[in-house]
Structure formats: C-alpha cells, structure tokens
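Two complexes come next, and they have one chain in common, chain A, joined by chain B in the first and chain C in the second.
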Partner chain A sequence: MRINFLNRTRSSDSSRLPLIYGAGSLLVLLILWTLSTSVLGWIDPMTLPSPAEVVARFGNLIVEPFSGSTLAGHVGASLYRWALGVGAAVLLGVPVGILFAWLPGFRAVFNPIFEVLRYIPPFAWVPIAILWFGASTATQAMVVFIAAFPACVINAQLGVQQVDPILVRAARVLGAGQGAMLRRVVVPVAAPAIFTGLRIAISNGWMALVGAELVVGKVGLGFLISQGQNNDSVSTIFVGIIAIGSLGVIIDTLLQRSETVLLPWRKPRAQRDG
Partner chain B sequence: MTSNKVAFVGAGATLLWVAIWAWLTREGGPVSELFFPSPGDVLDRLIMFWSRPYIGSTLMGHILSSLSIVLAGWVLGGIVGVPLGIAMAWWTRLKWIVFPIFQLIRPVPPLAWIPLTLLWIGIGDAARIFVVFIAALVPWVMNSMHAVYSVDKLLIDAGRTLGANDRKILTRIVIRSAIPTLLAGARIALGNAWTTLVAAELLAATAGLGYVALNASRMLDTDVLVVAMLLIGLLGVMLSALMGLAARMFAPWVKNDRNGG
Partner chain C sequence: MQNQQSTPKLELRNITKWFGPKDTGVCAVDNCSLAVQKGEFICVVGPSGCGKSTLMTVGAGLEQPTEGEILVDGKPAGPPGPQRSVVFQKFALFPSETVAQNIKFGLQMCGVDAKEQERRLVEQLKIMKLEQFRDAYPSELSGGMQQRVAIARSLVMQPEILLMDEPFGALDAQTRTILQEEVQRLHREHHYTVLFITHSVEEAVYLGDRVIVMSRRPGRIKKEISLPRDVVWKRGDIEVAAEHPDFIAARREIWALVREEIIAQ
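Right, the complex of A and B next:
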C-alpha cells in the first residue's frame, strides 16, 4: 500500500483519471439500477421504479398536471416563495448585520433576541407559521426568511468587522463623512463576506422551503413529493427529488459565476455557517 | 464600549424585551393568546407539561424520544461516515469512485428523503433515524476526509524517516492530528441531525418535540407551541455546547472557535 493522498495535487487535479473513474462509477450504478428493476425484476417497481419509468414520469409531469399543477407550476410556486423569503432576509439582514458591527450599542440591545431566535431551527417555526398564516404563501416565505436571515446578519457583521481600522481612519482624515465611509470604504471591503452570507442564506432557504412545503401547502416541489407519497408513486418522488437537487445546484452555480463578475476584487472565500 | 458595558446593556435589553412581550400579550392586550402566548402562560404550561402528559407523554418522554432518535442517526452516520471519509482520503481511487455518487446526493435536502423513507419503511422510528442518518452522514464524511488532508505532510515524512510503516502512520500520526477536524465534523453533523429531526417529527412521528409543536399548532395551544419551540432551541444549544466540551477534552491543544455555527 502506498500513501496516495500525498500526491493528490499532482495526480487528481491535472489528469483525466478521476473523471474516468467517476463516470465509470456512476455508469455502474445506473446499470445496476436498470438491471435490478426492469431487466431482472428483482425489485418491485412499486418500491423502486426503473430509470426509464422515472424519465417517463418526468416527461409526463411536464405535460400533465399532477395535484393541481404541471411540473413547471410546482417549480414556479417554489421559486416564488423562496425568492420572497430570501429577498426579505437579505433586505433586512444585511443592514442589521452592518449595524451590528458598526454600532456596538445597537448590537447589545438586539443581540439577545437575535441569539434566542437563531438557535431555534427553521423547521420548528413551521407550526407557528401555519398557525399565523394558514396554508398560504406567507407561511412558506416566513420559514424561508427564518432560515436565511441569520446567515445574512452574521456574514455582513463579519465582513464589516474585517475592515481595517487604518482604512477607516485614513478615510476620515481625508474628509469622508459617515455616509461616504460606509459606501466607499466599508461596503466594498465587506462585500465578499456579504456575498458568502447570501450564498449560505440562499441554500439554507431552499432547504427550509422543501421542509415547509412537505408539511403544508397545495403547490410546490415539496408538496409534489408528499403527494407522490400519498399516491404510492415512487417515480413522482424521484422526479421531485431530482428537481429539488438540480435547482439547488443551478442556483448556486449561477451565484458563484455572478460573484466573480460582481466582485472581481474579492479575496479567497472564508465560509461561515448561519 | 467596554465588554462590561455591553453585557450590562445586553442584560437590560433582555429584560426590556421580556417586558415588551408581557405587555403586548397581557389580558386584553393587543396580541391575542391565540396568536402568541404571554410569558406567564408559557411558564405555567412548562411546569404543567412536566408532570401531566400532552398527546401521549410527559415533557420528559417527548424530549427523550427526540434525543434518542437524534443520537441513533448521528452515531450511525459517524460509524459509516468517518471510516468512509478517512478511506476516501487514504485511497485516492476510492475517492474517485465514491465522490461522484456523493456529489449527486449532496444537493438534495435530507428532508426530501422523508416521503421516500415513509413509503419504504413506513412511519416509525426507523424512518426518522434514516433521515437523521442521511443528514449527519455528509458532514461526517466531508470533515473526516478534510481532516486527513489537513495533516501536516512534514509529520508524515518525519514518521516515515523514523521508520514508521503505513499502518503506524495512519493510526499514530494521521488520525491523531486529524482529531480536531473530526470533532468539528461531529459537531456540524449533530447540528444538522437535530434540525432535520425536528422536520422529520413534523411529518412522521407519534412522539417528540416537533410532533408536539405541530399538534399544538393544530389545537391552537400556542403556549405549548412556544414551550416546544424554546426547548428545541435550548436542546440544540446544549448539544452544541456538549460537542464543544468534547472538543476541549479530546483536543485540548486546539484553540476553540467559540462561534462554531
């Protein structure tokens, strides 16, 4: 046995070998899945549908409404609620985070509330959201907001704390007022951290949305898979899971791309959880 | 502001917030108890809940039900995840084979597996343990892998120069110096497990704090609902604090990150 991991930068980043292995492994998995379901019939299709069935179901859901909407309708409903919740969390959370770092008095007053609320997991808010808003868009958006808000606050605060005091003093000596200081010195330095917070907020929000939709609602991807469960349709659940996972990846990739465009001066990312 | 002053203002602010809460939810106040309970009601309910059962068990019964499932899923995740993560870092080929499958599963929120689990194993402890297991597995594996990668290569070279064989390098150098990162992974895994369990209890449970919260919401028992929410938060903090303690015990040479997520 050789210790391979010492050579990992040399062997895994440049060569095509990992790609070949990875593709091979996924291919084997797909073949095993096909063999055990449609070819050899080891597994009951009610338990695990074949890949072909899942693809067929996917096509079917795109054209025909299931539980009230087509796949596009469910995706649209989920994205809308998610955008509402995350949007509110960013609009409120980033300023709060900046104020937390900028004004220690403000932080001292509001931090106790923030700490208590942030340690209650977003899903624990689902029952009270249902009580307040019923099975409405507001319920889902509130749960998304709760999941996304702490990451916005914490990362904005962290970003502002990273600002070099010398820069602030230099700007003050050069005659910058509070407003100019915030706009021209603090925000550009803090922007990468704020963006990291945004990314975490967005993925936390997406996760929480799925949970909220599973419990309550009449449309959305989480609702789609819970309806799949109620109708004993594993293939519908599979389509829902695949849609949720791939939308998450697409959103995160878009954000990563936009970060390099919007913040070309950013330093290597320091990640921080919500 | 000095830290003393901050603590003073913080304590004062906390009292003020509770006072505002009490004033808003007072009898005949602007917020009805069907919308949000008063602090007194919450406290009364907490004491009553301790001795009298609510939907099947007393408070302790629900708490133990939640905790036992979280621990089961978390430990199972560790039993599978840590060896898998270390092995993936140790044998690059294994990583090439397993990692793509992992990357495929990772973006799916653990909760999305609940309906599938319910169809496959039905409502019961096993379904919740499985979902918690999935939620805990990813951080277990990723951190175990990174823990091995983070080992100082100089130590390994030194060990080899001094005549250690591969097994000794793994057990005496790699695993030992990887302990802090492993513990960090354990902590994240436990946090994920707890969050996911609450959601799983909303969907498939006959006991547990999440189940209590959802039922309280349906019966408009806002005081029970707030008790359950606060306890869920408190237990989450306690689990995280326990993991911090474990880190200080097993890896005392590392400065702890106090704000570990």
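Right, the complex of A and C next:
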C-alpha cells in the first residue's frame, strides 16, 4: 500500500493536479462573476462590470486608441519602462550583491548606504524623479529600478554567502584565481538564489511601475487605469487591471522556464548509476 | 627508518594552530611535526575533533599555521596549488559542471592546452572507471561515484603530494571497501606521496606505510607506527588482509592508543 502511495505522488498525473485545481478555481471565480453581474444582476454595472462587458471593452481597446494609444501601445510603453528599470537593477544589483558577499571591505563601505536607501519606498522618489527627468520614460524607469534593485542585491549576496566554503577551497587547490573562482564556482552555485532575486525584482518593479504610471505620464497601463477612472469607464479599469495581472504571471512563468534551461544541473536527470 | 635520511617530500615542522586569538581561542593542533617521504603513504588517526583536518588544511596551505612551517622538498611551501592536491570528505565537486568539466578544471587553471586536457581526462576517466559518467552532473551520481570524480580531479593534476581528508568517511561500507582497494592499487602502481586522514584504524593499517596516532585536542602526535610495506597481504582485498596476523596485531596496537585518547576525553 505504502509503495503504491509513493508511486502515485511521483506519477505525471499528480504533477498536473495543481494546474487542474488552479484552472478550476479561476473558472469558479469567472462563473460567480458572471452570475452576480449579467445573470442575477446583484451588482450595479458601475461597481463591477460583467465579464462580457470587459471582454467587449478589451476588443475595443485593441483596435481603437484610448487616451492616445491602443491597448498594445499602453502595454508596450509599460513593458519598455519596466524592462529598462529592471534591466538596470539586475545589471547593477547582482554584481553589487556578489561583491558584498565576496569582499568584506566593499560591503563595509557600501552596505550602510544601501541599507538606508532600501528603506525609502520607491514612490517617495517620484517627486525627485519628475524634477530630474520630467514626465519621461526615465522617470518611471527610475522608480522601477529603485523597486527592483534591493531584491537583486540581497539575494545575490545571500546566494554567494551560502556557497559551501569547501568548494572555494577545492577551486583554490586546483589553482583557480579569484576571477575563475567567481565565474566557474561561486556565481553558478549562487545562481538559483540570484534567480529568486530576479523574480522578486521583476514583480516589485512591475508593481512600482503601475503605481508610478498612475501619477505621471501620458501612456502605459497605470495611465490607462487612471484615464478609465477619469472617464467613468469601469470596464476600462478592469481591462487594465487584468492586463497587469496577466502580464505579471506571463513574465514570471517565462523566467521560471528560463531557469530550468539555464541551470540544467539543478534538476537531476534519471539516476544513471545503481 | 632509512627513508628519513633523505629530504622529505612534505614536512610539517612544529605546527601549532589556534582558532581565534591565541590563549583564549581554540588550540586545534599543538606543536605537531611530521614528514612524508616521496612515495610514502602516511595515515593519521585520532579521536574526533582532535585536529586532523586542521593539520591537513594547514599542510595544504589553505590555512596559515599560528606557529611552525610547511616545507615541500625542504623549501617553504607557497600558497596552495595543484602540486599539493586535496580530496575532501564532502567530495567538493562543482555542482554546475559535468564530470568532465570538473576533472578538467585544474588543467584549465594551469593553462594546459585543449588536446592535452582531453587526453588526460580520458586517461583518468579510464583509471577511475568513470567513462560512462563523463557528461553527468554530480547531482546525478551516487556518493561513491562522486568521490571517484573528486579523486580523478586531483590525480589528473599529477600532484606531487596527495592530501586526503577522510575521503571515504561519507560512503557506505561496501563502496568504501572498493575504493580503499582502488587507492591501494593506485598507490602501488604510481607511488603517490599521500597524507591520508581517517577515523578508521582498519583503513589506516591497510593503506598506510606509517600510521600516526594523534592525541585528543589539542592535537599532538602521540605515536608513530611503521608498518611493513608492499607485503603480500596488502596487495589483496581488505577483508583478506584483515585476517592476516600482522594486520590484526597492528590494528590492536593502534586501536588501544586511539581508545586511550577517546576515553580520556
């Protein structure tokens, strides 16, 4: 009996189970939404539009510009700013985190600055960003950067700190210098933690971006929502919200996929020796 | 004893090692001297925590001794490097690299050209019976296979001195027996100079030309026992060797010494 049980949990059937449950719960939510709005009319359409309305608005936004851009335009603008901000945060934050863990002197000098800056909420930077860059792409990208940077640093640092010192010793005995040690041993071993940092950075950056777009700018998903509010178009707001959530999930899924491709050694293939 | 006239391959001279500040920290090794002649296989045994690993780490150059010096061929040994290769108890394979990449690592660090790297890799895979696992990652291998890779990674450097810290301590008994026999064979064929740390008195008697018994912490050298070298019973399997009267006598003598230290702890 016990053996059967163990086999079952390993079969591919059960690995798909969470997916089925997840889809099921989304479906139930959709049904409840439909029932309470279009079918039973419990909720006033100005409070919560029906799914049909949202879908219709979605189709409409794809073809017709709203507040200056089509939906694709708003999505594109948001993704671009987000990519700039997150890209800069990763390119700068990961090396800083690695050096924090690798060079105690570097950490001693820069960590206090980092700690103070990290407790300032990204939105506190919006006024200064507007002052510096005006209502431009750079403003939102800077807010994204500030929201994404700490997670990159902290997780890269943690990842490097967790590398077993014996690996470093083994590399030293084999004649590796600092550079080779970092490149071939320390960074690859820390990579899963770095990836975790990227996932957090990406979602933090995405959330901060939408916030920044609500207050500044003339295009983007946050701007779309605020325009929906100004025009009393609840369905526009809902299209914007759902687009934000879905894009977040898509980006995160892509990153998780790339992790399995980029770090093939993490998932043992079938055991090849008895 | 006639060995001791020549310059030792590796010599630890009056090594003392404190962790933390002297006198208030931990004294792990206290004034230990030991010389390994070229081609000699030395085993160090002693109670747990007596400073065996510390002695080896210092010998490898991975830690600085508080006092004393390390000599290779009579000259002060520099920083750690492939000439004093180390095999660790926990294998210490690079998890993101395949077996082949792990074994080539040191060759690449020393700038050996690609063709020679490949030649030595293939030779080493054959010696350690790892041919099938060339492209496997460490996480796909059993403990015994991982330790074979770690040994191959050391041997491929053609080290002058091989330092091994309880290399079989983390393995199951069957795998350990096989690897002990293999190390015995390697040493007989290639005359490596080996400093081998172990918990196991049997292992020390089977492998060692000399066995050094350390005292409880702070580790001092309690006694050195020379064993017959290249005798018939050492050529066979360890179970067969273990039945030989000389083996039994040596094991009894060494175990009594270790036991004294454990009991006194």
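Keep this in mind: the second predicted complex is superposed on the first by the 221 of 274 C-alpha atoms of A that agree within 3 Å, B and C clash if a C-alpha of one lies under 4 Å from a C-alpha of the other, contacts with A are read in each partner's own complex, and residues count from 1 in each chain.
The criterion applied here is as follows: a residue touches a chain if its C-beta (ideal position, glycine included) is under 8 Å from a C-beta of that chain, and two chains touch if they have at least 3 such contacts.
This is a predicted model, so every value here is computed, not measured.
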item: Partner chain in contact with A:L167 - chain B first, chain C second, else both or neither; value: second
item: More chain A residues in contact [chain B versus chain C]; value: B
item: Touching partner for A:I113 - first (chain B), second (chain C), both, neither; value: first
item: Partner chain in contact with A:L26 - chain B first, chain C second, else both or neither; value: first
item: Partner chain in contact with A:R184 - chain B first, chain C second, else both or neither; value: second
item: Touched partner set for A:P49, first chain B, second chain C, both or neither; value: neither
item: Footprint overlap on chain A, comparing chain B with chain C; value: 272-274
item: Residues of chain B that touch chain A when the two form their complex; value: 1, 5-6, 9-10, 13-14, 16-17, 35, 89-93, 95-101, 104-105, 107-109, 111-116, 118-120, 148-149, 153, 156, 166, 169, 188, 194-196, 198-199, 202-203, 209-210, 213-214, 216-217, 220, 222, 225-226, 228-230, 232-234, 236-237, 261
item: Residue ranges of chain C in contact with chain A within the complex; value: 57, 60, 62, 80-82, 84-86, 88, 90, 92-98, 105-106, 109-110, 132-133, 136-142, 145, 153, 157
item: Sites on chain A touched by chain C in the complex; value: 164, 166-167, 169-177, 180, 184-185, 188-189, 191, 263-266, 268-274
item: Chain B contact footprint on chain A (complex, rising order); value: 1-8, 11-12, 17-18, 21-26, 29, 47, 104-105, 107-113, 116, 119-128, 130-132, 206-207, 210-211, 214-215, 222, 225-226, 228-229, 232, 234, 237-238, 240-241, 244-246, 248-249, 252, 272-274
